[in-house]
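Okay, so here's the structure we're looking at.
Should a chain be cited, it is by its letter among A, B, C and D, assigned in written order, with residues numbered from 1 in that chain.
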Amino acid sequence: MIPRISLSLWTTLTLIFLLGPLVIIVGGSFTEAPHVTFPPEGFTLKWYAQLMEREDFLESFIDSMVLAVAATAAATILGTIAALALARENFKGREAFRAFLMSPLILPTVVTGVALFQFIRLLEIPSNMLGLIIGHTLITLPYVIRTVGAALVGLDKSLAEAAEVLGAKPARILFQVVMPAIAPAILVSVIFAFIVSFDQVTISIFLTGPDVMTLPIRIYTYIEFAIDPMIAAVSTLLILFAYLLVVGLERAFGLDKVFGKKG
Amino acid sequence: MTVSRRKFLAGAAGVAAVSTLPTFSARAAEDFIIGTYGGLYSEILDAEVIPGFEQANNVSVQKELGWGSKFIPKIIASKANPPYDLVYVNEDESIFGDAAGLWEPMQPDATPNIAEIYDIAKPPALPQYTCTIYEFTCAYNPEKMDAPKSWGDLWNDKITLGVPHISSTYGMLFLQIAAELNGGGVDNLDPGFKALEDHPSMKIYKGVTDGFGKFRQGEMDAALFYRHRVQLLIDEGLSLDFTAPSEGTYGMRTGVRVVKNSRNVEAAHDWANRAMSAAYQEAFAPKLYSPSNKTVTLDAELAEKHVYGAEKVNSLKFGDWSVLNPKKPELLEKWNRTFTG
Amino acid sequence: MSSLDIEDVHLWYGQFHALRGVSLSIGQGDFLALLGPSGCGKTSLLRSVAGFVHPQKGSIRVGGQDVVRLKPRERNLGMVFQHYALFPHMSAAENVAFGLKCRNVEKAEAEERVARALDMVGLSHLADRKPRQLSGGQQQRVALARALVIEPNVLLLDEPLGALDKKLRVQMQSELKQLQRKLGVTAVFVTHDQEEAMAMADEILIMRDGVIEQIGRPKEIFTAPRTSWAAEFVGSGNVLKGRLGPAADGARPIDLGPGCAFALAEWANLPADGEATAFVQAEAVKLAPANGSGQGLEVVSQRYLGVYVEVQAQYRDGVLRALVSPEEAEAFGVGSRVTATAAPTCVRPMEG
Amino acid sequence: MADASLVQNDTEADRPGGPGGARDGEIAAAAQRRRLWRRVFQLSPITLLYVVGLILPYLYLLRMSFNIYDPMLVFREAFALDNYIKLLTDAFYLQIVAETIWLGVAVTLFTLIVGYPIAWQIARAKSHVKSLLLAAVLSPLLINLVVRTYGWLAILGDNGILNGWMLDLGLIGSPLPLSNNFWTVVVGLGHVTLPFMVLSLVSVMESLSDELLEAGENLGASTFQIFTDVVWPLTWAGVGAGSILVFCFSISAFVTPALLGGGHVSTVSTLIYEKFTFSVNWPVGSALVFILLAMNMVVIMIHGRLFRHED
C-alpha cells in the first residue's frame, strides 16, 4: 500500500515538474502586467491581439513550417530507406555505418551549425534555407533511423515470408506488407522530427539569414528585457499548435498502435 | 486509411520540394542586407528608416537580426562573399573588425553627416559611423544602500553586487573598473579578477534580459548597467536609482560599418550617413537610445533621461579596445577559471 | 503441505460478480482440478488462493490458517503460471533459486535444493540455460521445479499444460501426477480440458458462472453428473428426460419412446409421478438389433475412438450415444435399427 | 527497388566460390554485383547528405584546429598541434571536460530517478490515462527552448515563484539559492530530456508481463526484491537506450547551461560557443570540438560495455 501511495505522489510531483513552466507561460500570456507574472494579474487578450498584428512573427512561423515540413519529409524518406537497408543488407561494417548515421546526435548542434555555415559559405551557396534544411534533416535523421529501425527489428519475419509464399513481388511486399506494419513507427518519427526541427534554436543560430528567420530564432532575438506576455502568447499558440498536430495525426493514423498495446 | 496516409506523405514531400525552390534563386542585386538588432530596434527601423532608404536607393532592405557576436563570425567565414552589406556593431567589434580587415574603409566624403557627430565618436577617436552613445551607470537599490560615491562603495557586505559576464563589452569595462580600484589598469586586469572574486556577495548576470530579471526579483542590489535600461526599470516603479561615482562612468558607442566586399557600397554609405543624421537619432530618442549627433535637440523632460549634451558626452570614459580586444581569449579563459566550476 | 479450506468466497470485479459463494475443502496431499469453461471463475478462484485478487467476502484457510489478509509472498504457495513466467534474464538454476533467495536460505543449502529440484524434473544438464534457450516442455519443468523447491503449502497450477502439444501434454500429465504423489503436496490445478482433469485429479470441481456446479471424485463426475449442464460439459453420456412409470422389479421405467427401455433403480428423491431427468453413461448403454424393419431406433452415425466405437442412434427426443466394442459395432451400421437399454443401477436420477 | 524482401539473408550467398563450376561462379558474381548496386542505390543519398552536411564541414573544422590563433587575423594557417597540447595539458580544461561529463551523468541520473516511476505508471495505465500521461511527458518538447529557460528562471529565482510559495507556507525562513548553479542546469536539462528517458523506458516496460511480477510475488519476493531482481534487470535495456540520448543531449546543450547556470557553469559546449563568438578564437574552439567528440566516443564505448546485449 505504501509503495503504491508514494508512487502516485511521486508521479504527481513529476507532472507538476513537467507542466510547471508551461502553466506559467500560458498563464503569463493572459496577464495585464507588462511582463510575465505568476499568478497572472487580471485577464486580457491584448497580447494575442498585438501578436496578430505582427507580420514578422507570421513570416517566421511560415519559415519554420516550411523548414520543418521539408526537413521532416527528407529525414523520413532518407531515414526509412536507410533503416530498411540496414535491416536487410548484411555487409561488413554495417554496425559502424549505423553508428555513423547516429552521429549527429552526439555532435554538439551549435558546432554542426557553425561548421555547416562555414562550409556553405565556402561553396558560396546563396540560400540560407538550403543550409537550414540540410542541418535540420541531419539532426532529425537519427530519430527516424532509431524509431523505424526498432520497429523493423520487432517486425515478425513470417509476415514477409507469408507474403512471399503467396507470390508477392518484392515491391508489393515492401509497400503492402512491410510499410503498413512499420507505419506507426514512421508516424512517431514524423512527429518527433517535426517537433525537433520546429523548435530548433542551436543549429539555426548561424544558419538563419535575412531571407529566412525561423520562429525560435525570432523569439530569441526579440527577447530584450524579459519574456514579455506577447512572447508568452506566441509560445502558448505554439504549444496549442503542437498538441493539435499530435492529436490530429493520432486521430488520423492511431498512435495507440505504438503506445497503446500492453504486454 | 492507406490512401490518406499515402496522400499525406506525398503532400508533405510536395510541399517540401516546392518550398525550397524559390530560395535557390541567387541573391538579387537590389537586395540590401543589414545585420541589426531585434526587438524594439528593428521595429523602429521598419517604421522610420527603411521606407525612405529603399526609395532613395532603389533597393529592398533585408534584415538579419542578432548581435555583433553572431555577425562577425559569419563575416569571417565568408570574406569574399559576405552575407551582409552593413552591420550594426559596438565599438569593440568595430575596432576588432578593422584589425581583422572585415570592413570597407571609412569614407567621410560619402557620409557628410559625420561632421555633426561628437569628436569622441568618429575618426580618429573611433573608426565607426556612430549612431548611439550609451552610458554604463552605477545602478543601486536606495532601500539597501546610500548612493555610492565611488565604485569602491559597491564592495560592501550588505549588498549583492551584480557583475556583468565577461562576454559583453560592459563586462570587460566593469572588470577594468575593478582593476583600477585596486591598483591595476587596462594592462593589468588581475587585481580586478581578485576584487570580484573576493566580493562577499556577488551574482553574475549574462546580458540585459538576465540583468532585468535579477533586478526585478531583487537578486541584485547594485550593478553596472545601461543607464537607459535602468531608467526603464525606474519608470516601471522598481526601487532603483543610478549615480555616476567619482571615478566617472564608461560609455559605449554603437554604430554601423560597411562590410568589405559589399555589393552595395554606395547604398551602404548612404545608410551610414542616415544613421548619423539627426532625423534618425530623433526617431530613436523616445525609446532612450541617446544621440551621437550634436545637433539633435531633445525637450527637457526627455533630455533628463538621456546621455545628452557635449558636457555629459565628453565626460564619459571609453575602453581601450586596441589593448582589450586581443586579450579577449585570455580574459575569457581566466574568467571561466575564476568563476565557474 | 497443508489442507485447503475455502468458505463462502465472493469476488466482484466492479459490477461483475465473478465468484458467488464458493466453498470447498481439500485434504492434505490431495490433487484438485478446477474445471469449467472460460469465464466460469476457476482462474479467479485460483488467484484468490494465491492472493493476486482479493475476495470481498469469505475465508480461505491453508492448513487451518486464514490467509485472506496475507500478501501473496506471505502465503508460501507455489504457482505454475499459464505462460510459465520464467524470468528471462535468469538461467534455469537462477530461476529455481529465486524463491529460496527470497527466503534467505543459506547458499550451500539453496544450491543443493536447486540441484535436487532440477534433477527431479530431469533438467540438471540444462541448469545454465536461459529460458529462451529451452523448449516449451523444458520451460514447463523449470517452472514446476521453481514452484516446488520452496516446499509450498499448496501448489497452484494455472493451465500449465495449455501451451504444449498433445503428446507432450499427456507425458507431462503423468509426470506431474507422479511428482505430486511422490512429494505429497496439495495441488490445485486449473484446466478447461475434462480429460486432463480426469487423468490427474483426485477430485474435480466443476464451476459455472462463479458457482460450484459439482464437486466429486472423477468417477462420480463421470458416472453421475449432478445436473444436465455438468453432464453436457463432461460429455460422457446421455441425459434422458421422460415420464416415469410405476415401479416394477425394483425399478421405475422412464418413457423415452419406442425402442428404448430404461429404468431407474433409485427414485427415492423423485416425485411420485411426472417428468424426470436421468443420466446414463455411454458405456452403460446396451444396444441390440431391433426385430423387424421400422422398429426401434435408427443408427445415424458411427465414430471410431480406438478401443470403442461410438454409435449414435436417433430416439424420440434426440440422439442417444452408446460405446460398443468394434466387433459389436459391425452389427450396428449406419441405417440399421436397434433397441437400447441399460442396467437400472447405471441410470442415475439428476436435478434437471 | 530490386529486392525488398526482408527475409533476405546474404551471408550464405556472400560466400565466394563454393562447389560448382565456372557457370555457378558467374551467377554468384552477378548476384553479388546486383546486391552491391542495390546497396549503393539505397544508401548513397543518405551518405551524400552526411558527407556534404557533416563530414566535409567537420573536416574543415579539423583543419582549422591545427591553425594558430592570431589576435589580428583571427587565425594563421599552420599545421601545429599547439591547440591540442594546450588544451590537454591544462588542468582547467580537463576539469571542464570532467564537469561536462559529470553534468551529463547527473542529468541522466535525474531523468532516471524522476522518470522511472512515471514510466512505470504509463506502462501499466489504462489507455485514456496513458494518453494523458504521455501528453504530459511530451509537453516539455513543445515549448520553445529560450522561453522555457526563462520560465525556469522565473520559478527558481531567489524571489521566484517556488521560493515565494515556500516562504508563504513557512517551510523556509529565507529564500533558498535555487538558481544559477549546477543543479539548476541539471533541473532545466532534466526537464527537456525527460521525454526521451520516459519513452525509452515505457517501450521496454510494456513488454514486461504481469505474470512475471506475480511469479516473483508468489515466490516470496518483497516489493523491493521484485524491483531489484526482476523489474530493474528486465528494463535495463530501456535505461540504456534512454540514458545515451539524455547524456548526449545534455553535454552538447549550450543555451540552458549558459542561461540557467548564471555564468557559474561552464561546459565544453558553452566554452566552444564563447570561443567561436566572443573571443573569435576559432583554432582553439575547433580543437575543443574534437576533444568533445573524442569524449563522446569514449562515453559511448563505456555505455556499450555497460549495456551490452547478452548472447
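Structural remarks
By our rule, contacts are C-beta pairs under 8 Å (C-beta built on N, C-alpha and C of every residue); 3 or more make two chains touch, one makes a residue touch a chain.
Keep in mind it's a predicted model, so treat the numbers as computed, not measured.
Common neighbours of subunit A and subunit D under the contact definition above: B. When chain pairs are compared by contacting C-beta pairs, A-D ranks highest. As a whole-number value, the distance joining the C-alpha centres of subunit C and subunit D reads 56 Å. Subunit B and subunit D have centres, each the mean of its CA atoms, that are 35 Å apart.
Subunit B and subunit C have centres, each the mean of its CA atoms, that are 88 Å apart. In subunit B, the positions touching at least two other chains are 70, 73, 209, 213. Shown for subunit A are the residues in touch with two or more other chains, namely 114, 118, 122, 223, 226. Chain contacts: subunit D has residues 150, 154, 209, 276 touching two or more partner chains.
Here the touching chains pair up as A-B, A-D, B-D, C-D. For subunit A in complex with subunit D, the residues that touch the partner chain are 3, 7-8, 10-11, 14-15, 17-22, 24-25, 36, 38, 78-79, 81-82, 84-85, 87-91, 97, 100-101, 103-112, 114-116, 118-119, 122, 134-135, 137-138, 141, 150, 152, 155, 157, 160-161, 164, 170-171, 173-174, 178, 195-196, 199, 201-202, 215-216, 219-220, 223, 226-227, 231-232, 234-235, 238-239, 242-243, 246, 256, 259-263. Those residues of subunit C whose C-beta lies close enough to touch subunit D in the complex are 50-52, 71-74, 76-79, 81-83, 85-89, 98-99, 101-103, 130, 146-147, 150. Against subunit C, the residues of subunit D that register as touching in their complex are 209, 211-212, 214-222, 225, 229-230, 233-234, 310-311. Against subunit A, the residues of subunit B that register as touching in their complex are 2, 4-5, 8-9, 12-13, 15-16, 19-20, 23-24, 26-27, 31, 33-34, 37-40, 42, 62-66, 70, 73-74, 77-78, 80-81, 83, 208-209, 212-213, 216, 229, 232, 236.
Of all the residues in subunit D, the ones that touch subunit B in their complex are 69, 71-74, 92, 95-96, 99, 150, 153-154, 157-160, 179-180, 258-259, 261-266, 271, 274-282, 284.
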